[in-house]
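Letters A, B and C mark the chains as written, and numbering starts fresh at 1 in each.
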Amino acid sequence: MKNSTQAQDQSIKKMNWFDRLAHPGQFLKWSKYLIIPLIIITIVLFALGLWYAFFNSPEDYQMGDTVRIMYVHVPNAWLSQFVYMAMAVSAIGTLVWRHPIADVSMKVAAPLGAGFTALALFTGSLWGRPTWGTYWEWDGRMTATLILLFMYLGLVALWRSFDDQLRAAKLIAVLTLVGAINIPIIKFSVDWWNTLHQPSIVSAKGLSMPASIYIPLFVMMFAFTFLFATLHIVGMRTEILRRRADALERKSLYNTGAKGEVK
Amino acid sequence: MSIKAFSAIIIRDVKLATRSFGDMLTLVLFFTMIGVIIPFAVGPNKALLSSIAPGIVWMAAFLSSLLAIDRFFRADYEDGSLLAMRHASISLEMIAFAKLIALWLTVILPLIIASPMLALMLNMDFEIFGRTILSLLLGTPALIAFGGVGAAITVSLKRGGLIAPVLILPLSIPILIFGISAIRSNSGMGVEDNAMLFLAGISLLAMAFTPFAIALALRLEQE
Amino acid sequence: MDKSLLNYKLKVEKLNLIRSSRMILEDIAFEVKAGEALLLRGANGVGKTSLLMALAGYLHIEKSTVDWVIESKSNDEHLAIEDMHFIAHQHAIKEALSLRDNLSFWVNINGGQNSDIDLALEQAGLNHAADFEAGLLSAGQKKRLSLARLLIIPKSIWLLDEPTSALDSEGDKWVASIIDKQLDRGGIVIAATHLDLPMKKHKRIKTMILGQASLEQTNLGQTS
């Protein structure tokens, strides 16, 4: 009697590197060894970055100490876009190559992306208060980030609306890609709209960056990226295990496959 | 692919929409009522109303078409027509394109026809109204196209009603931005015309490419 | 209506069908030639509709073969889906339109002749209601209308999901006779049906029973 997970395991017979990467069971095996190293690297990078950010980098001549928020804001803003690109690549993997864990990657990335985007908005708002005088300005960058947050949250809600997660994956992949194509258009249109209505643009990134600023910035960028990588891999493992638990539960309820005999 | 097949789809969808006249009427009523509610919300000051009128008209059209998304493909999906159409001598992409045209005719055109009422209630200047109609004509095809993508992806969800508008709204913001800017702007000459061009560009690209996404999603729905 | 059909051969080998990470069909293999019919039998929910959908090309099938081979002349393979009628459980009828309008839509998007509609309606026993709204029909009449699609456009492959449901014994005979005619013309018919269709020439009819491996039968909804 075969069951659905065994049917997938049959592909173990001939495994090249692609299979090792792709197959859910294999993925669970090798990703286990990645977690501890990833956590350690993340902690080290954060420690290093925060030390640099607080103790070893200069104040800004205009903004004073508050410029240090940049070391959290900029990485989050960058990640909010990077995670969407990672989702888009996973979406292509789901649709074009039918890669078995691409849809898991896409699903797990969505709430993470939402979180980083929300953090970017939050830190940007905190930074804006002393700089612009208000907690919110409709400038091109912040507005586009806000729209991106809604796109992420919409995807999270969509995942939860479907009963069948595998069918959902392919449909959501289509939407993710349509969204990816739209992002440049959205940014362009929001910037354009902003220049119409706010002739004085506050540019928070117009700083020329000496090494004492861009070293801690890059360290923090890497730190946050590794944080995402760690959370992503852990999330993927959780999702695969959850699906396995569901499949086992279903197996105990349903019959196995129907066999046919032709007369 | 033949013209006869293509137009058969448009004609059938338009016929069906006019037979369920109640649905069309509801949408037009919703559209018009936004114009009625606004003076209650911001006060009946004529100068204020006429200055926000283009934004209100666009917002009303925007929201009304988002509301209509759920009905785009649901009937054909549920009664099996989509399945049967896959065996036609016309590709599913062309079928999707034909349906988008039919949707524009049955969802947007009634709104545009009803828009003079809105213009009247919001004390809109006549010349502004002309530009508003033009911007609606240029921008609403893109709204329908994006709505179609949202509809195709959520057609199998039983309570899919509100999630498709929520998904499509962020993607449609550029249309709203250019649509309103195309009517009147207060900085520099020619900006409105640029906006009109961007609007037309988005609509063309959207109508050209979304049928592929829609057909793909509709095929995936059946898997 | 006597347009000659392409001769297809359907070869299915080691078909494994997984839907919603559940194995619906396992190791199915069979062959159907032009002029033959395959009847699918089995309990409700066992996978007959899923098999038909897999044969129609709607489902993504991994590591297995469903091959519609054209034998009469060389041609693109993917046109098999255009040379197919799939009469599903859903009838694809628009209730607000008349019977004639319903059928003429299918004629127009399949490149057929509008003149065949009246004949098809007559054969389906619906010509007296040609201009009525389809919503007024009874369940059996709607089924006849949905089957009338088979008559207005000649296509080589017929995939039928419970073609006799809601029909009376006259309707059963009618379905059997049109399947016979289709087989005479060299078409292929694959039908999921729990009834014995009163067809002639039994030796060209194959039957496949989709069974269950285990004893327990839980029916938690259709696999379609």
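Here is the rule we use: a contact is a pair of C-beta atoms (placed from the backbone, for glycine too) under 8 Å apart; a residue touches a chain by one contact, two chains touch by 3 or more.
Here the structure is a predicted model, which is why all the values come from computation and not from measurement.
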Most central chain, judged by mean C-alpha position against the global CA mean: B
Most remote chain, CA-based centroid, reference being chain A: C
For chain A paired with chain C, centre-to-centre distance based on mean C-alpha positions, whole Å: 45
Inter-chain centre distance, chain B versus chain C - centres from mean C-alpha coordinates, in Å: 37
Rounded Å distance between chain A and chain B, as computed from the means of their C-alpha atoms: 31
Multi-partner residues of chain B (each touching 2 or more other chains): 223
Junction residues of chain A - those touching two or more other chains: 167
Where chain C touches two or more other chains at once, by residue number: 60
Of chain A, residues touching chain C in the complex: 1-4, 7, 98, 164, 166-167, 243, 246-247, 250, 253-263
Chain C contact footprint on chain B (complex, rising order): 2, 4-5, 8-9, 12, 15-16, 19-20, 78-81, 83-90, 95, 219, 222-223
Residues of chain A defined as touching chain B within the complex: 95, 147-148, 150-151, 154-155, 157-158, 161-162, 167, 170-172, 174-175, 177-179, 182, 185-186, 188-190, 192-193, 196, 199
In the complex with chain B, residue positions of chain C that touch it: 19, 53, 56, 58-60, 81-82, 84-86, 88-94, 96-97, 101, 104-106, 108-111, 149, 155
In the complex with chain A, residue positions of chain B that touch it: 146, 149-150, 153-154, 156-157, 159-160, 163, 166-167, 169-171, 173-174, 177-178, 181, 185, 187, 191, 198, 202, 210, 213, 216-217, 220-221, 223
